[in-house]
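Read the structure below first, then the notes.
The letters A, B, C and D name the chains in turn, as written, and every chain counts its residues from 1.
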Amino acid sequence: MVMLRWLVWREVVLAWRRKSDVLSMLAFFAIIASLFPLGMDPDTRLLRTIASGVLWVSALLASLLGLGRLFAGDYADGTLEQMLITPQPLLLIVAGKIFAQWLVTGIPLMLISPLLALQFGLPSDGVRMIAVSLLVGIPVLNLVGAVGASLTLGIRGGGAIVALIVLPLCVPVLVFGAGGNVPLVGAVLALTMVFAPWAAAAGLKISVE
Amino acid sequence: MSNWYKYASPVHLHPLASRLIPWFAIPAAILLIAGLYVGLVLAPTDFQQGDVYRVLFIHVPAAWIGMFLYILMAVYAAIGWAYNARASSMMASSLSITGALFTFLALLTGALWGKPTWGTWWAWDARTTSTLILLFLYIGFIALQSAIDDPRRADRAGAVLALVGVINVPIIYFSVQWWNTLHQGATIRIASGTTTIATPMLVAWLIMSAACWLYSVAVVLSRLCCIIEDREQLEATQ
Amino acid sequence: MSHGFYVWAAYGAALLLMGGEVLVLIRRRRKGRP
Amino acid sequence: MLETTHLKCVRGNRTIFRDVSFAVRPGDCFRLTGPNGSGKTSLLRMLCGLLAPASGSIRWHGASIESLGEEYFSAITYLGHRPGIKDELTALENLRVWCGLSGIELSHHTAASALERIGLGERMNLPARFLSEGERRRAAIARVLVRQSPLWLLDEVLTSLDRTAVEAFQSLIEDHLEGGGMAIVATHQDLQLSAGRSQRIELAA
């Protein structure tokens, strides 16, 4: 418990002192979501039908951008090595880091999504639907993203490869989330919570060795 | 039983694999020629579909092989990781290329079948979409492995990814199916084949399937030999 | 043959891909040997 | 007691060293020397359990370190080549967070006195990015003071330390050895220790 408290404190303080990481991710989210209407006929009916899909895809891409800060910095300065040899279960450390990642990147994404949803002329229950599905679904993106980030640590061209391996794995949550089926998103979340921290921990061990 | 274990080591596996290749490659070639003859010449024109159905002689085996090889790849990768069996990991790397190739072929032939049958090259139906995602999963695996220089790390990282992928495959399939029923507009159902299948059609399909399976075994073994040789060379030079 | 183009394109693509794979492998194996 | 038998290290496809065997007893200080690329860092990382040996075994009090897992990790302090100091955190925060991650709640007071002892007293509240290389190194060294672990694994800790810091560090090691501690130090510089038994492991290129 001491460990988890310090870990989360550390991640939050680091994110706060280097705000540009999170802010640029949020700006990225807003820009992508705004580019879609510009790329097509901004007819209200059309915009309403694509709104949830566009916001979900934008959130997915933005969360990919946020993955750079998850392990890479700690890997480069040697902190990750120290984390692997603390007398604490690695699974717990990884889970804590993913939780902190959700706290500092996932929650802000979810919070600005209703604002962006207004651009698509959605009625209030449509906006609520998107916010709720992102609330349950973004943790899945953080969890699956952590697996990709751990496996590509220190690889040349890692950024592109993270996208290649994470995006296909996010198909189910994207489909259920954009389709507005919150219970199924929750089911995917439960399943991902079981497997992803384990896989990310294994990936870290492989990558740090 | 115990002497089977020695094939877990690449050095012992290489001669065995090389010796096995012709046993699969030659029948594959013969069956392929026979299958092409039966499928393109002997099988009669279908009164409903015309000649397009002949595409299915490749399409169906390709789709099956693409799917099956992914699972097989994950199994080999997992064994290689858990038991530190390098040969098994190399097998997984070898399978990934052939699997991706057949998945791509399934999509391509599917489009060529769909255009005259459904009137569109690409339909977002459940099966097509899941096959596309499967191809993306293969591409991710291949890209990850080829980006890592240390072969041992590549093997293990690939194993984790393959395992995560294989857990995901049924979920992806289910999600795509659910999505498909949600958006009824896009559904196009394949006319269920209740029409009696003429014997030459069935024979052609069986022969082509057998040829494709044998071909993939031969090619995978052959690539396995290449990978073993490459790694031995790496070790020898350093 | 009706829709001949599609049938020939499909078989052509299949043979091209498989043949290409075989060629690549044969060249790789030749190179591997001294 | 730490005991290694016939350790072999393979990186990529290159064998870096083989047949490295030694035993570290309480009061021993091993100096690990060898040219660049001879595997000093790899050997230390193996002893930490970060890197699995290609063959051979590492035992801590008779049990292999893999089987001990976290129990072994609580017995070691490893200072790596890259010190693991976060630029955005102050030296004090870095130390407290590091302890926190090990599951130890370190009071502000204890952390501050450790940093004072290592000569960072005035600058412990500056973000680490304003510290010099040597000061960052000291901030990392402060870890061995706050966590009483019997085995220290130190990789090139003396680099960019000035003479007073090197002397202070040597006296730290002496105290540690006198109290029955063990240390393995990879370094090009000489260590003049007046306590404990000094030994040397030389890795060939």
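The rule is short, and it goes like this: a residue touches a chain if its C-beta (ideal position, glycine included) is under 8 Å from a C-beta of that chain, and two chains touch if they have at least 3 such contacts.
Everything numeric in this text was worked out from a predicted model, so none of it was measured.
For the pairs B-D and A-B, the larger set of C-beta contacts lies at A-B.
Averaging Cα coordinates per chain and for the whole protein, the chain whose average falls nearest the overall one is A.
Centre-to-centre separation of chain B and chain D, using mean CA positions: 50 Å. Chain geometry summary: the mean Cα position of chain A and that of chain B are 32 Å apart. Chain centres here are Cα averages; for chain A and chain C they lie 41 Å apart. One simple way to say how far apart two chains are is to compare their mean CA positions; for chain C and chain D this gives 57 Å. Remark: the chains found to touch one another pair up as A-B, A-D, B-C, B-D.
By the touch criterion given at the top, residues 1-4, 6-7, 9-11, 13-14, 17-18, 21-22, 25, 28-29, 32-33 of chain C touch chain B in their complex. Of all the residues in chain D, the ones that touch chain B in their complex are 11-14. Chain B meets chain C in the complex at residues 36, 40, 45, 50-52, 54-55, 58-59, 62, 97-98, 101, 104-105, 108-109, 112-113, 115-116, 215, 219, 222-223, 225-226, 229-230, 233.
Partner chain A is touched in their complex by these residues of chain B: 133, 136-137, 139-141, 143-144, 147-148, 153, 156-157, 160-161, 163-165, 167-168, 171-172, 174-176, 178-179, 182. Within the complex, the chain A residues that touch chain D are 2-3, 5-7, 9-10, 13-14, 17-18, 76-79, 81-89, 93, 208-209.
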